[in-house]
Amino acid sequence: MKRILVFAVISVLCLLMVTGCKKKDDESSTIGNVTDKPINITHWFWADNPDYSAKMQQIATDFNNSNNMNIKVSAQEYPWEGGGYSETLFTAAMGGGGPDTAAWKLTSTPLFKANNLLAVLDSYIDKWDDKDDIESNLYEVMKTAGGSDSIYVMPWNTQILYVYYRPSMFKDANVAVPTTYEEFLEACRKLTRDTTGDGKTDVYGFGMRGSTGGQEPWGSFIYGRGGDLSDFTTTQAVAGMQDFINLFKKGYVPPTAPTDGFNEIIANFKSGRTAMTIHHIGSSSGMVESLGDDVDAFPFPAGEKQWTSMGDTENVIFEKCDNKDAAFQWVAYLATGKGQEEWCKTTGNVPVSKRVQALPEFQENKFMKVSIKGAPYAGIFPILDTTTEWISTIWPNTTAAALAGNKTAAQAMQELQKGLYGS
Amino acid sequence: MERKQSALSRFLFLYLPLTLILLFLLFPFYWTFVTSIKPEQELYGRVVTYWPRSVTFSAYKSLFLDYNFLHPMGNSFLVALITTLLTLFVSSLASYSFSRFRFRGRKAFMILFLTNNMFPTVLLLIPLYAIMRNLGILYTPLALVLSYTTFTIPFSVWLLNGYLSDLPMSLEEAGMVDGANRAQAFTRIILPVLVPCLIATGVYIFMTSWNEYTFAVMFTNERSRTIPVSLKNLIGQLGVQWDLLTAGGIITIIPVCVLFFFAQKRLVEGLTAGAVKG
Amino acid sequence: MHQRKGGFWPYLLLAPALLVVLAVVLIPAINAVFMSFQSYDLRRPSQIGFIGFDNYVAVMKDTLFWQSLLRTVYWVVFGVGFQFVFGFCLALILNKSFRGRGVVRSISLIPWVTPGVLIGLMWRWIYDGSFGVLNDILMKLNLIEDPIAFLARQDTVFPAVVVTIIWQGIPFFALMLLAGLQGVPGELYEAADIDGANVFQKFFRITVPSLQNTIYVTTLLRIIWVANSVDVIFNMTGGGPAYASQTLSVYVFNKANSLNLGYASTMSLLLTAVLLLVAVPYLRNLFKNQEA
């Protein structure tokens, strides 16, 4: 009896392995560059909501039907997971698998590049007809991110942060749209009000993001006092941090700020708990849906210096991809072709293609206008191999300690400096 | 008088604690459900409502019509079921060996199994991915089954070993004196008594594999996606799709509960069955 | 008779389980030991190389490591402790007969069935400082005047996540102990009834001793599981604010995700060592009971 059982178990295990190996053979035979067979490209992406997910599938289908090289793109959705997407991608690529092409964030570039996982795109871009449809400084940004003279990523979308505000609340509190950094801080104070008369604050001036991702709006404060992101320990940068802390200490932002992430700042703004918050155009359609006309935007105003964060999404081709020419056709379709148009229309992201930018629906949108206004002084965080960890754990935790008063602004900035630059 | 007191004690020792514990256990579930049928404006309203003023089931509809939610559910079910059966089979053999034999290396093996549970899964990911890829089972349900068994087997071996050690050895010895051999004693006497424990362990394995995310996101693609990954896909950079997410949660919870409703009867029948045969 | 050696049989029975565990886990585990002696940071693959005990020294000097370790102790003691107490109560109740027992049994499993993704988010939503239902309830009961930002305050965040893990773990103990209760012979209780024992005497003199091994094993396994659990804390707070809810396993998870695998391996080996130390008295008792 037992002998039979044991035998059964062992044979099941053997069977698993045999069927497994057989599958592998099938898989490898379908790759290969035979002309009468389709060229398969696996593309990974994340979607911010189910509509975007459906859109990406549709773009892939359109591409498959319209390209004349018989390229078949299979789009695979992976959860964004607060950035966990990049780790999933990395694990797969290190394990020898993973996709041929993938949607991308610049911050991951150093890690993948250091492990030689990404294909260099310079030669493809140089030969590309649409090369000049993308602003040349964008290519420069992509190069800087890789830390070399080569381009590893293909531009796709940008999102420029700006300030959302509620015109009705500005009117009630008799505040004008701020044009300087000082006025902005002043507006945070004035807009913090007790509207019901019970002695408790029920509208806060500003919806501060203290959890992961909050470093982006925070950067604007550092520049507001004349600091910059190359050295957090300068007196100007520390003064900017002090402003940030003061907003919390004086109660001009909700007490939940240290853990507020995207969801919370948007919910607070939509529900009228906050009068201003900082985010990009991606959230505008939802805002209009709940607030109608009672939402508008202005660029983060200039103080000593002016800066706003540019969010980015790109596409990359992996080194292990067997058909890089075909893969390039696909990422090019996303960058300047119909894919770009469709995706930006659905998501509201700022197109990188000048042709698409010029389309009327992008020119007439008020949020798009503010985004484009911010573009000249928009920047990205220094992209080093420490950046991902700095963004996901060091910045939120250090800032939370500073907000709670456990650390002074100077101490916190020292720690942030050490976390990003190592000294 | 006596009846009254027993009603009081029944209240004190049964209904009161039961109500309190259930309240604690079920309230978040209730809240999930309420969230799933609330329109968004009410979710972020100034007043917290305990039952939505306007009920909407649109999230449920779109989950089935637009997102084909049944597909990942089917995958999850398949993976969880195979994992459960395989694990139960393999680990009842192993735990029987641990509890009824005293062999060289026994303690070392037991500690090995225990240590296995202590090792964090994040560090296993890259090597496991490479193993799955080399076996060629990446993106098939088998990859998940194999990776889940690595932690369900050691766990179940220990659990079953605990139960087996509490079972009076005399049961089986009596059977063997009657002339049954060890295998017969196991299948006829131990196994029936063990049924409740097997059910409990099986439920444990099922739940863990049903809810696992870290391996699932690595070893599945669009075709073999399981529930936790599909749920997580509803959370993007632009926030949480509350209605869809909570509705998805409710949909995944209910069938498992119904399933368990039928399984739980066996939780009490075990001993009686065993006692009759012994 | 039960001291039987059994020749090759025990090994044969063990083989399938061992095969899976060794083939899949052992190699990565040994690999982790090697990594802990290396500067193994995948962000800097060119610098990978042996550095002796440098990682261990760095971990020992890392105040965050000690903080997180201490927090893990609280996490386990309170988390598992309350899970066990409530779970045992629930098991005893569910073992009695009353109307609708089957339904109650299956719905009491709900916290366990709930996907981890949803647990973190739902509780975050319940604790929310602006729209959270917990604040609303406490305010309606006049226990507090202003909403508390439970997860944003360093003093409340950790108790808040502990409550969540307690909630999640009660069904485990309830189910496991309920199954164990079925093995307790009914005659023992009948005999005690004749002796006039009260409820508590019966509980401590019959129920607990008969379930001894089950209790040892379930608590030990649960301690290990809870000490290693990441998803609840990760989904609720990510370990913040200001690391106030970071346990060691969350710290390891964060380090491993930023791909400093050498450092992460070192910490996880130390955590494993601590857990083994905790397991020793359990194992000793368990082995003693089994030899007897």
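Should a chain be cited, it is by its letter among A, B and C, assigned in written order, with residues numbered from 1 in that chain.
Just so we're on the same page, a contact is a pair of C-beta atoms (placed from the backbone, for glycine too) under 8 Å apart; a residue touches a chain by one contact, two chains touch by 3 or more.
Fair warning: this is a prediction, and the values are worked out from it, not measured in the lab.
Arrangement of the chains shown, judged by which pairs touch: all-to-all, with no pair of chains left without contact.
Most remote chain with respect to subunit C, judged by CA-atom centres, is A.
Distance between subunit A and subunit B, defined via averaged C-alpha coordinates, is recorded as 36 Å.
In this assembly, the C-alpha centroid of subunit B lies 15 Å from the C-alpha centroid of subunit C. Touching of two or more other chains is recorded for residues 43-45, 90, 93, 127, 146, 232, 235, 240 of subunit B.
Counting partners per residue, subunit C has 9, 13, 16, 20, 131, 257 as the residues that reach two or more other chains. For subunit A, the set of residues touching two or more other chains reads 2, 6, 9, 84, 94, 267, 271.
Interface of subunit B with subunit A (complex): residues 40-41, 43-46, 62, 66-67, 86, 89-90, 93, 125-127, 129-130, 132-133, 135-138, 140, 142, 146, 183-184, 187, 217-218, 221-222, 229, 232-241, 244.
The touching residues of subunit A, when paired with subunit B in their complex, are 1-2, 5-6, 9, 12, 16-17, 19-25, 27, 46-50, 52-54, 74, 76-81, 84, 88, 91-92, 94-97, 262-263, 266-267, 270-272, 282-283, 286, 290. Here subunit C touches subunit B in the complex through residues 1-6, 9-11, 13-14, 16-18, 20-21, 24-25, 27-29, 31-32, 86, 89-90, 93, 96, 98, 102-118, 121-123, 125-126, 131-133, 136, 167, 170-172, 175-176, 178-180, 182-183, 185, 199, 210-214, 216-218, 220-221, 224-225, 227-228, 230-231, 249, 252-253, 256-257, 261, 264-265, 268, 271-272, 275-276, 279, 283, 286-287, 289-291, going by the rule given at the top. Within the complex formed with subunit C, the subunit A residues making contact are 2, 6, 9-10, 13, 82, 84, 87, 90, 94, 110-111, 114-115, 200, 210-212, 254-260, 264, 267-268, 271, 273, 385-386, 388-389, 392-393, 396-398, 400-401, 403-404, 406. Contact residues of subunit B toward subunit C in the complex are 13-14, 17-18, 21-22, 24-26, 28-29, 31-32, 35, 43-45, 48, 50, 90-91, 93-94, 96-104, 106-107, 109-120, 122-124, 127-128, 131, 146-147, 149-150, 153-155, 157-159, 161-163, 165-169, 173, 193, 196-197, 199-201, 203-204, 207, 210-211, 213, 227-228, 231-232, 235, 240, 242, 245-246, 249, 252-253, 256-258, 260-261, 264-265, 267-268, 270-271.
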